[in-house]
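Dropping the structures in below, format is structure tokens.
Note that chain A is present in both complexes that follow, paired respectively with chain B and with chain C.
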Partner chain A sequence: MSQSKHAVELCALLVDETYGELTSRIFTILLRRGRLTIPLLSKHTRLSPHKIRHGLAVLVQENLVYHCFDEDTNTTHYEANPEAAYMLVRSGKIVEIARSRYGDLAAEIVGNLFLSGHSTVKELVSWYVARLAEAEAKRKREERLANGLNGQSKAPALVQAPAHPFPTGQMHGMLTELLESGLIQPLSGDMFLSPTDTYDKIAKETLKEEYGGNIKGTKQKEELKEKIRERLYALRSEREWKSKGKKRALNGNHANGVNGASKRRRLSNGAVNGDHYFEDDGTKLDPNMLVRVNYEKCTVVLRNSRLAALASSRIGSTTAQVYEAGLRLIEKSIPRCRLDLRIDDIKDLPDGSTFTTMELTATLSKSVKTGTGIGTVSSDKIDTRKLEKARKSRKRSDEAEAEGEASEDEDVSMEDIPIANGNGNISEADPDSDSHGDDPFDDEDTRTKSSRRAKVTFQDQLPKPEAAENRENRMLQVKNHLLLLAGDDCDFLRKCGSRGLGEWTVDFEGMTQYLQEVEMDTMLLENFGKVGHRLARMMRKLGKLDEKQLPNLALVKQKDARTKLAEMQMAGVVDIQEVPRDSGRTTGRTIFLWYFDVERVSTILLDSIYKNMSRCFQRLDIERRRVQDVLALTERTDLLDEQPEKYMDQEQLNTLHEIEDKEESLLGHIGRLDELVAIFRDY
Partner chain B sequence: MASKAEIAALKDEVYEACVPIAKDNPRIVLRQADILDLDIIPNGNLQTLLDVAQSLLNEKLFKVVHDSDGMGWKLRTVDEAKKYRALSVEQEAVYSLIDEAGDEGIWSKTIKAKTNLHDSTFTSCIKHLSSKSMISEMKSVEHPTRKMYIKSSLSPSDRATGGPWYTDGELDEEFINAAMTVLFNYISTRTFYRSKSALREAQRSPKKVVRKMSPEQVKEAKALRNEGLGPRGVEAGQVDERTAKRMKYESMLPMPAGYQGYPGLDELTLFVEDSKAFSQILTANDIQTLLDIMCFDDRIEKVIAGAEGVSYKALRKSLLDEDQRSSVLTEAPCGRCPVFDLCEEGGPVGPSNCEYFADWLSM
Partner chain C sequence: MAGRGRGRPGGGGLKGVTWEYDPSIKLESKPIELFPPHPNLKRPAPFTDKEKREIGHYKRLQSQVHRGPLYTQPTKRDATAPAKTFGEDQFNRQYSTNPKADFDPFTGVETYSQRLQPKVNEIPKLSGRPFNKELFPKELWPALEGEAGKDVRKHLVRANEKKAAMMAGMKDKKPNDKHARVLEKLFSVPADEDAEEADEEQEQDAEVDSNFDDESMGGDYDAEQYFDNGEDNSEGEGGGGDDNYD
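And then the complex of A and B:
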């Protein structure tokens, strides 16, 4: 995170909001001054070392502060972890993800982990058991009360589900589920070391062990770097949760999706009501294992839902549902959104994770009506091969240099599989294929051809999708959606093979860039109107433009264009470059080039979003302080269980509702701003 | 040696002979050999030719031009010549420059530089010529501040007027917007598939947008659909109208991948020509300009499809009204705050005394 003034302010506010003033004071000083020892901290915060230790304990527990013990000087340094602090604002969203995917229990676990930073499996289980017992007791008490009062059997507070017969087993099962999904991760001691310290430590060790303390020349330097990277990579994969015991087919690689994904599918597809039935499958976790929320993975999940939203706005809701399911398939193998240059090998990255049309069709919820969402036209108006060509030409223009042989090969495989018949000839109707009686691929030929025929009939059948819901048809419908996604201008998908009726992958980097551009455009349109939006987009696309050319290209009045450009320059969105045509440097003989710097604009935008968010928090604080007396009433421990209606008079109630409304709109707004931050920083 | 009368007769003859040639090609430059080839000058006598040419020049029926091939003459019409004959030397110099500039017009400064006339002489020349309504002032779009002159009989060229986008030398933004709207509507009808079943579906089970809606409300919503958006509020009708719009939006389905029916430039040009929506003639180039701008406006998008190779399709979000698109940043007061840079807790403006926040929160 860029440590701008506003970012620091926001992080301090977030810590203050969640964990109170003491921690936030220490945290702010750490953020502003970098790593410090306790005596120095005490000097800067003017708090006693005792209090500092107290606050640091909380911060370390929440993983908001890294610590590093230096053996040489026998001191411990503390360092702020701004990423974790920022993630506090996203806590609500992450809890919501857990709820929508794995039910209420998962949401409670994740919420609990947010409050406690990290905890052991044992603690979580006992917390849950205690809570269940409490809820049970309360339910019974209320039931008794209700029955005693008016004898009605209708229990007023029957919100709690009856306790699970084996809460411990249920809890273990749930935790395993969450660990498998990556939403939570096991914690190890070295995670409290900041990434830089970890790097230094590993570097030191490697240097000592492999090279005996010192290296010579650039070649060895490179080698050392590579070795450190490998070690870091190994360390990270060591930390990752590996499922033990029963091997369940949860990843996207299972060949037979229909049989393999029964449980996963049931859990992920529906039933958000929290009345999950958990089978106690005997999975037992190490009770002393520490777990915490895995922010990196959560960001991946959030990114996927954001991409699905983009698909919905660009193409349509049905296609977006298909896309979301597809992203879900590869989610498992994407641990984080952005690669760390120090850890990940960026040189030979694999093609990313892929999913096939068949897998997707198998896992896609039956409630998604794949037959809808695409217009119907006669098949002669569709030419998918042209689409491939378009893709190719676009790709070529993007990567100025053609990849030669390799890309040619890929191109052939990118052709629609029904066209590429088994014996390698690429022709729509191979006249020889009938005479090839002994051709081992002949069988496949006829099958692929029949699927082609089926595709055409599907086009005719589209208006009445209820008619044929057989699997083959559904597969083709799904494929049509996928083709639509791949054919879109912003490249939702990329076809990378023909296994399983087409293999697909997602180029997240390009997508993220597209998302950023969309948000920038929205900002431009709102702040600078149509003309500003138009001019800025032109500059982004065409590069630097002469001031004289701009009005002609954009068809706006010269005067208007100048005013608008000056306005945008004041805001830092565009800038001007002067190119004198001779040494005289007179205005008449100077070319003025306007340009739009994407990177700078996103930095400015991000910073203003931080500021925006902190203002919202500050305002919230002020609003709360204004009605302090009413809020204090609700915080009284003896009234915690009561409804406010019972102990407040009308005026107080009104005030309370008012502040609740304000809280809601401010926090809601902060949450939406956070989405923008995610787009510009995290995805 | 030919007499004066002979010269006059020969002169008339030469001129008569040259008129048809000049009619075929008004830009033709006649040279000495061309005139001799007419076989009018007896024995090809150069002295006679000289006299004839001089008298034609005196009568302003000929005009001397110099080019890479040496000297030659251009023909003037009798009427033109008459006009020239009535002018003084200075006036003639000015007028000939304006004449040569043709429909592009000429800048007064250029005339002054070329003729080397004194300011007052120049002004009087211009005054004289304008009063005889031989020249008139014009405005060029490229240099709106320059004082330009053009022959009265000509109308300024497209380059000077700026083509169809300019009316009276001003950029006609309304016309441009209207033209873009027409084009956009056409492209949009060709981009989306209006699904009746999806519309019915949306009416039967409106997802998320409005939870309960009776058939009466749907009817009401339909009636309200075409009305403009009223002030923001939580009236019942308002919600329904928005729902209706939403439903209409949901029912616009995309065409399948590889669809070839999106309109291309040729088709759009033909459409504009046939629709007779505009009095001006818009060429394919003009339409292309508009399409490019619409691409930059993020309303349409280029696709590689169709017979022409490049076609255009409308973007789905352009179906929404501007106020339906939400922008997170500018929704709350901070995003559009004029003093956001100054805003600081403890500063002249800050979150505690922010009026915008007070308004927004009490909304």
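And then the complex of A and C:
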């Protein structure tokens, strides 16, 4: 993170909001001053070393500071970790990911990790057992109470899920699953060394071991750099969670096997309502292993859901679901969004991870109705009623299939996809599927059956389980969705092979760039109007432009263009470069080139977003202080778990609801701003 | 600069404006609005269910942390003071440094109705939970162990020794000798002041800050300190709190 003023302010506010004043004061000074020792910290914060030690202990526990022990001087230096501090704002999102994917238990685990920073498996298990016991006790108490009131009200007690027979096993299973997915990661002591310190340490070691202390010439320097990089890479992969061999055999492969099938069902249906049954698959983790939330992986997951949302808005919800499933397939092999230049080898990167159509169809949740969401003809030719008739007839579908085959045989010629574009399918296919329910499904059925008869080669490649017809049909539909995604202007997917009915990969950099451009355009349009937006986009596309050319190209009056450009220059969005044509540097004989620096603009934008977020937090604080007396009432120790309706009068309740609404809107706004930060910085 | 400075008799520089009296003109005497309506304000889209859930999770996590032992309550005295600060001094002055000095006689005295208010943490309570000590730097270990750690034990041992020495001294020496010994000690203190300063300060803070809870290392209730012979307080008198760093 850039250490701009606003970024520092935001981080300090976040720590203050979450962990309180003492930690935040220490953290702020660490951010402002860089690494410090305890005596220096005490000098700058005017806090006693005793307090500082306590504050630092909390900060270390919550992974918010790095520390480094210097043996030469026998001192410990502390350094702030602004990334982790920033991630506090994303905690809600991360918990939501865990909940939507792995159920309520996972959400609780991740939440608990946020509370405690890091903890051992043993602690987590005992916490869970204690919590279960508490819930059980409460349930019994309520049951007794209910029975006392009226003798036969057994029903509500039965509805509640009974406590799991083996909570320990359940917990271990869940933790293993989370570790597998990468949302949490094992923690080791050297992770508290800041990245720079780690680099220095490794560099020193390498220099000593390989070169005996000193190097000569640029060639050796390059070699050394490469060796350091390799070591860092090794160190990082050593830290990563590796599943045990037994585990992998059990349910590592989702696509086939009994266990895999049951797991899939669990993920698709059970995860939503959260009270699903966990099989105790006998996996036991080392009880002393330390775990914490893995922010890098969480960012990857967030990016995937952002891309799926983009697909949903551009193409349609079904396609987005297919896309999301595809992204999840390759998610496993993407540990982080942005590569670290010091660790990752950027020269020989492989083609990115890929997934095939067949894999995707196998893992795609049954609840996704792949038959919906795509119209079958080019939409501008036929109106909806004619379309219905045509789709029912054999002839029409044959034609469509013929075109479909053509496109499948060619590699990635997206011009002749037989399916309607985004606009077409939203306006026509969706109402159709909504009103008729299963009707489009039937259509698709007849359509693809005929295609199977036509294509023999196609059939041979497929394994034939019992529901083969259904599956092939589904696979074709999935493939159509994928083609649609690949054909879109945003290039959601890129076809890179033909294994397994087409192999797909995602160019994340391109996608991120697209997202950034969209957001930047919105910002420009809002701030500088149509003309400013147009000028900026022109400059972005054409590079540096002469002032004299600009009005002609942009089709605006020179005066307007100049005013607008000056306004934008004031805001730092565009800038000017002077190129004198002679040594006199007279204005008349100078070329003025206007340009739009994307990187600079995104930095400015990012900084203003940080500022905006800080202001939101400050406003939240002020609003809370205004109604402090009502809020204090809800914090009373005897009323913590009661409903506010029980003990508040109408006026207080109104105030409470008001402040809750305000909190929600401010926090929601912060969440949306955070999405922008993610787009410009993290994805 | 020189040419422009002289005002022309015709007008204030604006074209077509004269000094003649214009009865139709109205003076804008209203102060300008501090927060004029935003020219381009749009209502944001309503939150989706997912966003609402995210907000809910965030709020729940926050309140859980705030109820937990690691949270320290704000002591900022003036919430309406400008958020902008220039320099560390001003930044640090916003916060109270000494709870006893900043005691508010009107609200500070605990009343019966406040018995259910949540407890305010001045410093995080670290004693109640397990820590994996190997992840922390060694100098933080005493803090993790709570104040019942090494320092306290050392302090107690030292106090006991002194007490024993004093008792022994009382027996065979006259009070005059004792007086001389104390004086001698007082003069010898400034030499090793630096070495003892950190230790000293910590003890002092422990007494002030921890408000006599279980972590405190004795404070006023430490009967042993009455036998200290006043030695440990000799610097405290000169120090006068932690405000004299520079």
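What we mean here is this: the second predicted complex is superposed on the first by the 535 of 683 C-alpha atoms of A that agree within 3 Å, B and C clash if a C-alpha of one lies under 4 Å from a C-alpha of the other, contacts with A are read in each partner's own complex, and residues count from 1 in each chain.
We adopt the following convention: a contact is a pair of C-beta atoms (placed from the backbone, for glycine too) under 8 Å apart; a residue touches a chain by one contact, two chains touch by 3 or more.
Bear in mind the structure is a predicted one, so any value in this text is a computation, not a measurement.
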Chain B versus chain C as contact partner of A:Ile622, first or second or both or neither: both
Contacts of A:Ser365 with chain B and chain C, given as first, second, both or neither: neither
Touching partner for A:Asn654 - first (chain B), second (chain C), both, neither: neither
Touching partner for A:Gln220 - first (chain B), second (chain C), both, neither: neither
Touching partner for A:Ser313 - first (chain B), second (chain C), both, neither: first
Partner chain in contact with A:Asp638 - chain B first, chain C second, else both or neither: second
Touching partner for A:Phe114 - first (chain B), second (chain C), both, neither: second
Touched partner set for A:Arg537, first chain B, second chain C, both or neither: first
First (chain B), second (chain C), both or neither touched by A:Leu22: second
Footprint overlap on chain A, where chain B in one structure and chain C in the other make contact: 526, 618, 622, 665, 669, 672
Touching residues (chain side chain B, partner chain A) in the complex: 165, 170-171, 173, 176, 192-193, 195, 197-198, 201, 250, 253-261, 289-290, 292-293, 296-298, 301-305, 315-317, 325, 327-332, 334-336, 340, 343, 345, 350-352, 354, 357, 360-361
Residues of chain A defined as touching chain C within the complex: 16-23, 25, 28-29, 38-39, 43-46, 48-51, 53-58, 60-62, 67, 69, 76, 91-93, 95-96, 99, 107, 111, 114-116, 118, 120, 123, 187, 189, 192, 290, 526, 618, 621-622, 625, 632, 635-640, 663-665, 667-669, 671-672
Of chain A, residues touching chain B in the complex: 313-317, 319, 372-377, 381-387, 389-390, 393-394, 459, 463, 480, 483-484, 486-487, 489, 521-523, 525-527, 530, 533-534, 537-538, 541, 553-557, 605, 608-609, 611-612, 615-616, 618-619, 622-623, 662, 665-666, 669, 672-673, 675-676
Residue ranges of chain C in contact with chain A within the complex: 40, 44, 47, 50-62, 64-68, 70-76, 79, 83, 88, 91-92, 95, 97, 116-118, 121-124, 126, 129-132, 134-140, 142-144, 198, 201-202, 205-206, 209, 242-243, 245
